[in-house]
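In this document, chain identifiers A, B, C and D correspond to the written order of the chains, with residue numbering beginning at 1 in each.
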Amino acid sequence: MNKLYPSAAAALDGLLKDGMLIAAGGFGLCGIPERLLDAVRDSGVKDLTFASNNAGIDNEGIGKLLRTRQVRKMIASYVGENKEFERQFLAGELEVEFSPQGTLAERMRAGGAGIPGFYTRTGVGTQVAEGKEVKVFDGEDYILERGIFADLSLVKAWKADETGNLVFRKTARNFNLPAATCGKVCVVEVEEIVPKGSLDPDCIHLPGVYVQRMIVGAPYDKKIEFVTTRKREAA
Amino acid sequence: MTIHDHLAKGWTRDQMAARAARELQDGFYVNLGIGIPTLVANHVPEGIEVTLQSENGMLGIGPFPYEGEEDADLINAGKQTISELPHSAYFDSAASFAMIRGGHIDLTVLGAMEVAENGDIANWMIPGKMIKGMGGAMDLVAGVKKIIVVMEHVSKNGDPKFIPACTLPLTGRNVVDMIVTDLAVFQRPDHNAPFKLIELAPGVTKEDIRQKTTAQYIE
Amino acid sequence: MTIHDHLAKGWTRDQMAARAARELQDGFYVNLGIGIPTLVANHVPEGIEVTLQSENGMLGIGPFPYEGEEDADLINAGKQTISELPHSAYFDSAASFAMIRGGHIDLTVLGAMEVAENGDIANWMIPGKMIKGMGGAMDLVAGVKKIIVVMEHVSKNGDPKFIPACTLPLTGRNVVDMIVTDLAVFQRPDHNAPFKLIELAPGVTKEDIRQKTTAQYIE
Amino acid sequence: MNKLYPSAAAALDGLLKDGMLIAAGGFGLCGIPERLLDAVRDSGVKDLTFASNNAGIDNEGIGKLLRTRQVRKMIASYVGENKEFERQFLAGELEVEFSPQGTLAERMRAGGAGIPGFYTRTGVGTQVAEGKEVKVFDGEDYILERGIFADLSLVKAWKADETGNLVFRKTARNFNLPAATCGKVCVVEVEEIVPKGSLDPDCIHLPGVYVQRMIVGAPYDKKIEFVTTRKREAA
């Protein structure tokens, strides 16, 4: 069972259709599946809904698909730093469902775990609760949030072995892990494929069962939104 | 620090952060919001160790990296480059918010546009303006054990921000435990109690606070 | 292998396992129950690679360890010592059942006391007897994509086990996709369809099956 | 902030009270917090409810506390291989709430994650569904299961650093991780404390925020319920 594909386009072949729901990993520009997003753009598929914490920035990540008008709806927690997004949103061309960041992450995990709904205190008494069932547990209000069941997951990982066991790097793990679990099919781009047996079985972040297709996306030129540094003290 | 800070009586942004930092206890796990709250990290009292959580998936945030050592895979929730500590741990976003929602974080410090006398907080959107989203703010105020708001006492227009009821869409209902402004500190022992004025910034009088506050509070 | 296996017509336990193993496809992730289902691992068809999941937190179960290499920290869901493979991965119980409940496991093979014609299964308790608990059986039948039951066609008393409606408390409602007994194989394409007799063990006739089955099925 | 205690008794000091709910890790005898369970027994605390996948065997794990009649109720998925359990249960001296294994694990995780309830397909149409709310999502029935919020978590891990970051070993991870998250206080026994900085930050199974107290329980004489081996082929 070969999971490795020669290119992003090949890995997405047969998986894309207009109007589909895609769950994508990444936080800001950290750990976004950039090769796969580029290939989605190049495919021309449209009317997409993305469940993703952010919508990229103007010409990065999902931002590229906004520019080409392939996105109809975003399910996200934060969409700042994105002028094109703002323009389309204010013009009513783009639908947005705001989901609190933790609720969004849990909705993806729930979808992946076969849980169609769960109760949370997050958002009680706010706009987020509008239209949602409220239930009282032990005297406190909670709202019902729904699991996200996506058609496709797009994920960026650090290393994978040939069976699709994944390891992420530092804070690039973020939404990639829950997003990977909630799609009918999960396609992953990695920096490196390592031989079977070179990953520590106690340290697999996401077992290969979740991964159907992979590509090596290296070399990466990783972008940073806000470079913040300190000066070295003189020796 | 703005010019305003130097001229007006009351606390500077750094002093506000330092005041909030006095609420830290040894062993606390803390999430700091963007802006003044971030400055709290610079004022951790001596002898106290706290561990900073970043909701994008890290415990044990280190200082900004040295120039040239920035790592695109290592950022905080404000998307700034940070560094690692010997006891840092990484995890995914669902695990991160399980930690937050589950009440395992002791304290969060965050900014606000309005706080109501019943503990409601509004800090994520202004109707008519572009909505950027709530990010993790709703999760934090709903899940963290103690919520400290750090904000200017009045808006740029001079309007009180600690008010009878929020006029802006809420981030959380009845969640705030303490308010540190540039003029004073309010606190309440639990979510059924009213806020109490417990401290005044240097040169500020109770009368100043009365004039700039429309919320009911205990003096 | 029991004496019964040798004398009766129909399949032995190993042959039943081998028949179930023919449902395996290359790349499948599979969970095997205790008893005959465990034997399925010995009959994986050539050219096909499957990965075995153990619900106590492992993907990629290896064979039993060599004598002297048992590791108390490395057991399967039957609490037997096992070994690791190069691509094994460990995880916790909540993650394991997220995988199962979420439909990420392709196939499970498990035993049953009764299967009903509507796909109900009973395999966890007999009223009046000591109840040991359902373990992971309810999760598996509710979550795995394809459920194969491997069981003797009739009970020790000679009573049919594929019946119109379960008499024992259910493990799952309308979940079984295929039944492999010592005498025959029944299958259905989806959960709204009736079961169909698709295969007879050597020496077994359709009439034999009719006599030993009270469930409705398509011949 | 020192989390390390000199003994199990010291680590549990002030935490035990009659009638409390304890979530305990382990699967069978694999990864059970044996030193801590012994100390709970020695404390004499009674009327305990345990949320634990199993109830130990006759003289191991929770089995020891059954013998001394300190357990009033078990929330478990499987309680076989335990004669004393059987005797007390049949005599009506012990209450048992059977929870399917995956539901039990998720209930612990939910409790730890501030989720008071979630919907699952597991158990629909069975005795497990009795008395539980049924809700239809997309045409399918699901039942509402409740998060477990324990007074105390007892957990066995492999390694910890001084800040309580935990690493588990092989299948001994099992219920230890979700159990650790759902208690008001979590006490952990480990085989080894390693210095800060010797664990890989990308490979911490449970961050120290969940751990309030720790002991080193070594040396361990780990028990195996069913030793199964194969013969070496002749060379």
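Heads up, the rule we're going with is that contacts are C-beta pairs under 8 Å (C-beta built on N, C-alpha and C of every residue); 3 or more make two chains touch, one makes a residue touch a chain.
Since this is a predicted model, take the numbers as computed values, not measurements.
Report the chain whose mean Cα position is at the greatest distance from that of chain B.
Most remote chain from chain B, centroid-wise, comes out as C.
Any chance you could check whether A-C or C-D wins on number of contacting C-beta pairs?
Answer to which pair has more contacts is C-D.
Round to the nearest whole Å and give the separation of the Cα centres of chain A and chain D.
32
Give, as an integer number of Å, the spacing between the C-alpha centres of chain C and chain B.
A distance of 55 Å separates the two centres.
Whole-Å distance, chain A centre to chain C centre, using C-alpha means?
Those two chain centres are 36 Å apart.
Just the number, please: Cα centre separation of chain C and chain D in whole Å.
Result: the chain centres lie 28 Å from each other.
In chain B, what residues contact two or more other chains?
Chain B, residues with two or more chain partners: 84, 90-91, 97-98, 100-101, 142-143.
Quick check: what residues of chain A touch more than one other chain, meaning two or more?
Residues 106, 109, 113-115, 120-121, 168-170, 173, 201-202, 205 of chain A touch two or more partner chains.
On the basis of the stated criterion, which chains touch which? Give every pair.
Applying the touch criterion to every chain pair yields A-B, A-C, A-D, B-D, C-D.
Please give the residue numbers of chain A that touch chain D in the complex, ascending.
106, 110, 113-121, 135, 137-138, 140, 142, 146, 167-170, 173, 200-203, 205
What residues on chain C touch chain D, complex-wise?
54-58, 63-82, 84, 90-98, 100-101, 120, 130-139, 142-143, 169-174
Over in the complex, which chain A residues touch chain B? Could you list them?
For chain A paired with chain B, touching residues are 27-31, 53, 76-80, 86, 89-90, 96, 98, 100-106, 108-109, 120-128, 158, 168-178, 205, 222-232.
Quick check: in the complex, which residue numbers of chain D touch chain B?
1, 109, 111-115, 161-163, 165, 181, 196-197, 201-202, 204, 207-210
Show me the residue ranges of chain B that touch chain D in the complex, using the header's touch definition.
These residues of chain B touch chain D: 26-27, 29, 49, 51, 53, 59-60, 84, 86-91, 97-105, 142-143.
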